[in-house]
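Below is the structure I would like to discuss, written out as structure tokens.
Chains here go by letter, A, B, C and D, matching the order in which they are written, and residues are numbered from 1 within each.
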Amino acid sequence: MSQTASARPAAGYTTDEMMSVAAARALRDGTSCFVGIGLPSTAANLARRTHAPNLVLIYESGCLGAKPDRLPLSIGDGVLADTADAVIGVPEVFNYWLQPGRIDVGFLSAAQLDRFGNINTTVIGDDYADPTVRLPGAGGAPEIAASCREVFVVVRQSRRSFVERVDFVTSVGHGRGPGDRERLGLPGAGPVLVITDLGVLRPDPHTRELVLTDVHPGVEVDAVRAATGWDLTVADDLGRTPEPTERELTALRALTAASA
Amino acid sequence: MARILSLADAVGEVVHDGDTVALEGFTHLIPFAAGHEIIRQGRRDLTLVRMTPDLIYDQLIGAGCARKLVFSWGGNPGVGSLHRFRDAVQNGWPVPLEIEEHSHAGMANRYVAGASGLPFAVLRGYTGTDLPAHNPNIKQITCPFTGETLTAVPALNPDTTIVHAQQADPAGNVQVWGITGVHKEAVLAAKRSLVTVEEIVDELRPRPGAMVLPGWAVTVVAEAPRGAHPSYAQGYYDRDNDYYQAWDAIGRDRDAFRDWLTETVFNNTATAGGGTR
Amino acid sequence: MARILSLADAVGEVVHDGDTVALEGFTHLIPFAAGHEIIRQGRRDLTLVRMTPDLIYDQLIGAGCARKLVFSWGGNPGVGSLHRFRDAVQNGWPVPLEIEEHSHAGMANRYVAGASGLPFAVLRGYTGTDLPAHNPNIKQITCPFTGETLTAVPALNPDTTIVHAQQADPAGNVQVWGITGVHKEAVLAAKRSLVTVEEIVDELRPRPGAMVLPGWAVTVVAEAPRGAHPSYAQGYYDRDNDYYQAWDAIGRDRDAFRDWLTETVFNNTATAGGGTR
Amino acid sequence: MSQTASARPAAGYTTDEMMSVAAARALRDGTSCFVGIGLPSTAANLARRTHAPNLVLIYESGCLGAKPDRLPLSIGDGVLADTADAVIGVPEVFNYWLQPGRIDVGFLSAAQLDRFGNINTTVIGDDYADPTVRLPGAGGAPEIAASCREVFVVVRQSRRSFVERVDFVTSVGHGRGPGDRERLGLPGAGPVLVITDLGVLRPDPHTRELVLTDVHPGVEVDAVRAATGWDLTVADDLGRTPEPTERELTALRALTAASA
């Protein structure tokens, strides 16, 4: 495929594909990324196959510098160990690699995300002891959200997932606003980017509230507001995400096809 | 030197009603065969400990073996929820299940403290989250040099830890390669340990990336070929992803689960991991 | 990704007057070539950190590079004392040397805390000994769960750690095998790191018992063949026991030491470990 | 060599050889032993080559189950890594293996040893800041002495080395007497056996003071008293160490010859 052809916007793609492509683009080559499973893993692997071949993928199962040739089906997929620069024990991942703030980007998903980028993957409902829905729990997320230099969140946007305030703070974003991370002593910058199937949100530098900064092609701002559980602020200079290129879509589809 | 026993004898020796038992294996090398043997032996009132309770604990919980679960992430990876776990937490079926919930970093460090003979571990963790409000086993501690506040979690010292590995030699020295997770820490933290292995070989051949657990640090070893199925054993077999998919329907329904228990666990005294395929 | 520099450029970049510098290597892979380059570059007022200050630190101390030594065991293994170290402690020659003394367990845990981004480590150590009376960096801490009293030591975070390894690849990924000591912890604890290697190979071939340090966690790599001589590099050369024996007479006498410095270090800008044989 | 011949007392041997043989005999087969370098390493390797082939040797350099075919010249000799069941990092040795009390015997030497089995390897003289002799320091000894189930000490006996009270407590033996280890919370039993070139001492069960319980062949009690810096108590049932057998001496000499 010629360079020109591959950079051409693709004809048809799904909103999930747009989300994965937008998330992948956010990852800079040569940086290190602590990869959660699911949407983050798809995006990180796509980045490594497109513009960021030297992206260092770190999985909590102990795989440093994994270079999987297909999408791993779990954070402990054998393909991660087979292709890693080093396989280490799980305590070492958290203590020697994550905790000291060595990792550039923590890439997470969420069941619920709130106005300040706090993440809930524990319980839906007001009563922890008697929840409406019992979610999987914390996993590595609280410390990924605390310690990585920056956090990116990739999550499908809806009123169920984008709420005014999460039912349970599993992983701290920007707390209840400015200065909260500093007060808690959390070393990383927290969520600086939230990529959804509708657009991109970033925290306002002053209020730390998530603000819509980009919409994906074909998405109207009203649709994003309708999928947001708080009174969404839209950036003055709202951008529009460039469509996926053919090269990006081809790489993404090859990746997901190889995993089916 | 570890003693080498049959799987049934090994489980019978190391797992008793009321014990705190950790079955570990981080996606890789999950000791399903031993878990099924615990169900067959009818153990009750266990406190089950595991970073990632997935199908194996869904099965033990559904079979009524557990009264408490200590964990950091409970789900069917890539598929969805653990329905038996939810049914126990939300409806007390077949018996009520108490939970104690941590993060991975917290659990990993609890094992490290346990393996190290320390009563607690220090980490930067849980800060600002709602987890400490629901878990008295997450406390604060002050650095005696800088005055900084950090988090402390108590050591985990299970009565028994069970893990699966690729190989052991006749002296019970165990070799594990690929993702080794918290195998070493969980075994060393426990009062007793059982390592099930794919095979017992005459001599362990050193391999890149392998970790060796000396036989004198393990209580018993049992041969259990395919004992990690439906998870995987690097160098032996791949993950049975269809099993994980199929589990969703089985786990979702009490009757389907009871049928599965009868057919796959109770009518199957083989040492294998109990495949449904 | 680590940058690959010449030994002289690498040492020039990572070691400055007044720095806290750890040269590690537990009997195996002691970075002598880098140590000699520090002497040649005339560094002063270093705080030298090392579990087992042996010949390499006797040489640096005798050359007047150090103002302080942090350590847990100082001697010429199997031979006797370090005379330059003694002369500096007892007579202030060539410059006074302050000491901070730990046990191995304490030093190892200080590196672990440093590598872990924690301000301190907890251990069962030093209890009942006279070490805490002479070292304010050994304190007590109380377990918030059991009330038990344990020992705390502060993290070690050297400005620079230097270690020697067998191999690196062009991206600066480092592979070490055999006794790996505190290589990983000392490198990860440091603000900057230099790994000298026997050779830079096109690709690291995985080996049993090998530990890999990713290039993105290392600052600079320098090729220094025989850079661990007179210690050894497993797979490359054996320990030069005669050198350790011969050192006793050299180190014992200030003039003999000065002659050695001139002949072996200053008149030798090769990257090798500087053999006296 | 026939069993009978090999069990026969040897004709000529040095006091150091007697000491090493007596120390080796104290190690039981199938136990684990944390081995200090020098005299303890000689004894432990001799035991493994005579009556205790399954003795597990642990060196602080990270070698678990080392089976060297010659005497290691240091605790980090390459032959230890080459022959070990597992080679681990130094922090793991101390944290996972020594500290929890997994190891049966800690085998140490000493520059100074006192009446209560306390060990000094730090400084000779009253002033730590201005010592008469600066010794190497603690190394692994304080925690070996604290955490191993039992401690054996092997040391040449003289008034210089056997003192009423050590100038510096590097490693705690029995403190100043009964109950001291318990008060300090030291889990192991402490020094239960001291083997010298003259005989064997054991702590009195009530006073915890080291008492002479055996003398080596040809050694008079007065000679032991003369080499002891305190008023030495001699056991009522004083034993005499059996002479080295030919098998023991042959093994010892083969071991030391191979290291020369």
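General observations
The rule is simple: a contact is a pair of C-beta atoms (placed from the backbone, for glycine too) under 8 Å apart; a residue touches a chain by one contact, two chains touch by 3 or more.
Remember, predicted model here, so these are calculated numbers, not experimental data.
Common neighbours of subunit A and subunit D, by the contact definition above: B, C. The chain pair C-D and the chain pair B-D differ in C-beta contact count, and the higher one is C-D. Distances between chain centres, each the mean of the C-alpha atoms, put A farthest from subunit D. Centroids of subunit C and subunit D (each the mean of its C-alpha atoms) stand 29 Å apart.
For the pair subunit A and subunit C, the distance between mean C-alpha positions equals 41 Å. Those residues of subunit C in touch with two or more other chains are numbered 112, 117-118, 123-124, 148, 184-185, 209, 211.
Among the residues of subunit A, those touching two or more other chains are numbered 95, 99, 147. Under the stated contact rule, the graph of chain-to-chain touches falls outside the line, ring, star and complete shapes. Taken together, the chains touch in the following pairs: A-B, A-C, B-C, B-D, C-D. For subunit A in complex with subunit B, the residues that touch the partner chain are 37-38, 60-63, 73-78, 80-82, 87, 89-91, 93-95, 98-99, 122, 128, 130-131, 134, 136-143, 146-147, 168-172, 175, 180-181, 184-187.
In the complex of the two chains, the subunit A residues touching subunit C come out as 30, 32, 54, 56, 64-65, 85-86, 95-96, 99-102, 147.
Against subunit D, in their complex, subunit C makes its touches with residues 26-28, 51-52, 71-75, 77-78, 81, 85-86, 89-90, 101-105, 108-109, 111-112, 123-131, 134, 148-149, 178-185, 209, 211, 232, 234, 238-239, 241. Listing the residues of subunit C that touch subunit A in their complex gives 1, 112, 115-118, 173, 184-185, 188, 211-214, 216-217.
Note for the complex: subunit B touches subunit C at residues 117-124, 137, 139-141, 143-146, 148, 150, 152, 154, 206-210.
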